[in-house]
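The same chain A turns up in both complexes below, where it pairs with chain B and then with chain C.
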Partner chain A sequence: MAEADGVSARSVPPYLREAELIKQGAEARVYRIRFLGKSAIVKERFPKRYRHHVLDEKLTRRRTAQEVRSILRCRKAGIAAPVVYFVDLSTNCIFLEEIADSITVREHIAAAQASGQSVESLHHLAEKMGRVLAKMHDEDVIHGDLTTSNMLLKPERSGDLPLLLIDFGLSFVSALAEDKGVDLYVLEKAFLSTHPNTETLFQKLLQSYTAASKKAPAVIKKLDEVRLRGRKRSMVG
Partner chain B sequence: MHLSSGLELFPEFVVTQLLFKDVKNCAELRKMAMEGKIAGALINPSMVLDPFQTLLAANKAVHVQKIGKMKTRSLYSEIIFNLSPTNNISEAFKRFGISDNDNAVLIVLVHNKEEAYNKDDVLSKADGQQIPADQMSTLSDLAKIKKLYKVAPQEEKCGSVLDAVICRMAAKDVV
Partner chain C sequence: MTVVIGFEGSANKIGIGIVRDGEVLSNPRRTYITPPGQGFLPRETAKHHRGVILTVLREALDEAGLKPADIDCVAYTKGPGMGAPLVTVALVARTVAQLWGKPLVGVNHCIGHIEMGRLITGANNPTVLYVSGGNTQVIAYSERRYRIFGETIDIAVGNCLDRFARVIKISNDPSPGYNIEQMAKKGKQYIELPYTVKGMDVSFSGILSYIEEMAHKMLSSGQCTAEDLCFSLQETVFSMLVEITERAMAHCGSQEVLIVGGVGCNLRLQEMMGIMCEERGAHLFATDERFCIDNGAMIAQAGWEMFRMGQVTELSDSWITQRYRTDEVEVTWRD
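Now for the complex of A and B:
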């Protein structure tokens, strides 16, 4: 135990020792810190001690790099995602812009439902989500973990409400309709279980996705297939 | 006039930025820097949009120096290298360092918090007019920056040119 403590203490970068921990997941810890005079978010992929350390180091580094690549790829296409300030590959930490005064789409929908707003009032948002995801898939970026908690809304003074995608930790690049279909399937599952009675809202999202992307018909066809069999492909036969 | 910023990740260090225009001795300054007589990075200010851009380059330079992964020979050349979107060192010096017939220079110094750095020394060497470092954007060449960092118009829909530049600087070892 003493040894384990020693190792984990050593693996934490000094600058995170006094940082404010805001989230702990299975893959990473998320902190809020001051960085070069700005408020920033640090995502630290900590070592997993149950994996062989060489394999662990390889996987962790690859995922850190992939997350940064996907953010850059999205931003280049005009899809809003947090700015990457700095990458520390020696500790697998990514320093990101903090999206101040934003709320998650999850919070937004829950608040709208709690205040008794009609589902129709959220159609505009669902259409925006569909358009953004269509654009992302047209760039062959598969997010890998689409949920309404991984989408942020940042109200702007101009009255605009841009939608930002966050947490590209499980993302990868693929042109396959299968992967895009699974991406949407994961969102559908998360969406409908988080937000009851929103089937029509998700339909709106898919309609706008279809209208926004030329490649959508193949993806929706795959989505129908995936719905019948689940996220994982059958390897029987 | 100058701008001093602490590095939260390396609390022992401070980065100071000094900006000069109408500089008459860029060739001489460049020679001094190459001979190690100026302990600072001499940067072409037309390639810089904001002090935050150079601060990020300095932060990364200190970081790679600490972990022993510098790609160039000194901390100061590393700052210039970090500004570049590519891993080509001579290209980075050509674009982001100063040339003999430039007439403006941004000097970036990294010094110890306690140790009073030799600002007067730098001030005496640059034959030009010092202007406030936060007026950097008045000297930047936006068109050239967009071209070099390959910032397409659609990217400006989701953020500023500075955001685009910063992302490329941060991501260049992983792409």
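Now for the complex of A and C:
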């Protein structure tokens, strides 16, 4: 695996040769397959030829392992995330439960805005996001790549709309308010740039985050600090 | 036909360019170069700009074969950048605008880079990686703004490279980044450095602290060469940049990348970005040092877009600002 200098004949794992490629994300290719009679998703972290192979192998291995660890940690704490069926460390493939009929929060918000719904109608969703993230941070899981693309909504017959977290490749475990603050900062920027005119929505999210976690005040204080840090506000050159 | 002259001097380059309806007529530039181990400071930089700006202006007009009467509008960099150099250049722009009786337009420097890149490459709606000594941003256009999806949470990538160059006394002529690029080609050994990506954001301060502390130890013990350090630093920071660009593309569903800013003329960065694009069937647009590095034509081009939409800056509003976010500007000239 992981050929040194971009040898073109990349070894595709045998079980993916027939699989249906659903999409190529930033980190991995995502396939749909059957696994022990269940419909499953395979996330293949293929070698990135643009990176030096030593760096690439290290990052790929670390992220594959970390993704699985954090999903397990979240699921143990009752935070919805796809079930991990199997991990193939030799090819950096993770077999995950397929979340059928789900849409991303990004699509949901975009659709709501396109159909002229008021921002207020999305407050409920923002509050749910805040609660889930508070719970995740209380477990000391730092997601590392929070965006509205990495949260899924799965409409249920009961009318419920559970929120699932996905894409834990950049995640790590930390109890530091600093790391949690940066996690929220990353989300805030992605949120506001992806969904123009939704500042109140993000405020709602933070309010419910604060209400849901005892540790929230320290995190929010860090978030305020990170917003002002470095050259983010004043760009020179 | 609309002819716009642009004045740029937000950092250590002073450039004046003339653009006529998408055609660059002239684009002369001077660079303030400091001795190895030293960066450029605002006061000295402004002094340098004051010394050469009228010569550069004369060159811009002569090269274009135009007289002041042929100019329709005077554009200048309003910010962001270093205060003293910005003031110097704005003062000259303001003066000639009054002497010639032409309207003024204040331009956001980052928007200048983006519009120049779009003009030169023909990229339509790209995800933009803007990388320079002061900026590191991943930008995409939506709803009348260039929105920042990812950026550095501390120092800019070019600042990280420049300060590394100072540590091991690499020459600033023609630029520290260029010299690092040439030395990196001779690097053989890959030294592991911190790698910090946070979603679509990056951080370079940890890498810089690490390499500042370790460089002399590793060099004096013969563990590696200066070339190896240049190579490893480039491989690491450029991988981070390509990664966040790819993440923003996946998030926005974009199939085009445009690299702008001084670090953007680094061929290794362009090569890595090209491989990433190939792997996902996307298209890469990049320019060379004439247009990547700060120049006057980029200010003229953004000014041209603004002027055509009827935007002008009144004399009383023709101040400068060191802080001016890319997403503060309403983009009136795009759908």
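Following the convention adopted for this analysis, the second predicted complex is superposed on the first by the 205 of 237 C-alpha atoms of A that agree within 3 Å, B and C clash if a C-alpha of one lies under 4 Å from a C-alpha of the other, contacts with A are read in each partner's own complex, and residues count from 1 in each chain.
Here is the rule we use: a residue touches a chain if its C-beta (ideal position, glycine included) is under 8 Å from a C-beta of that chain, and two chains touch if they have at least 3 such contacts.
Because the structure is predicted, anything quoted here is derived from the model rather than measured.
In the superposition on chain A, contact is made by A:Val87 with chain B only, not with chain C.
Judged by the touch definition given at the top, the superposed model places A:Ile79 against chain B, while chain C stays out of reach.
Once the two complexes are laid over each other on the shared chain, residue contacts for A:Ala100 go to neither chain B nor chain C.
When both complexes are overlaid on chain A, the residue A:Arg49 reaches chain C alone and has no touch with chain B.
Annotation for chain A, partner touching more residues between chain B and chain C: C.
Contact with neither chain B nor chain C is seen for A:Leu228 once the two complexes are overlaid on the shared chain. Look at A:Ala114: by the touch rule set out above, it reaches neither chain B nor chain C.
Residues of chain A that touch chain B in their complex: 15, 33-38, 64-65, 68-69, 71-72, 75-81, 83-90, 95, 97, 162. By the touch rule above, chain B contacts chain A in their complex via residues 5, 7-9, 52, 55-56, 59-60, 63, 67, 69, 152, 154-155, 157-159, 163-164, 166-168, 170-171, 173-175. Within the complex formed with chain A, the chain C residues making contact are 10-11, 80-82, 110, 132-135, 137, 140, 142-143, 145, 147-156, 158-159, 190, 192, 195, 197-201, 205, 235-236, 239, 242-243, 246-247, 249-252, 262, 271-273, 275-276, 279-280, 294, 322-327. Across the complex, chain A meets chain C through its residues 6, 24-27, 48-52, 54-55, 58-59, 106, 144-147, 149, 170, 182-183, 185-187, 189-190, 193-194, 196, 226, 229-237.
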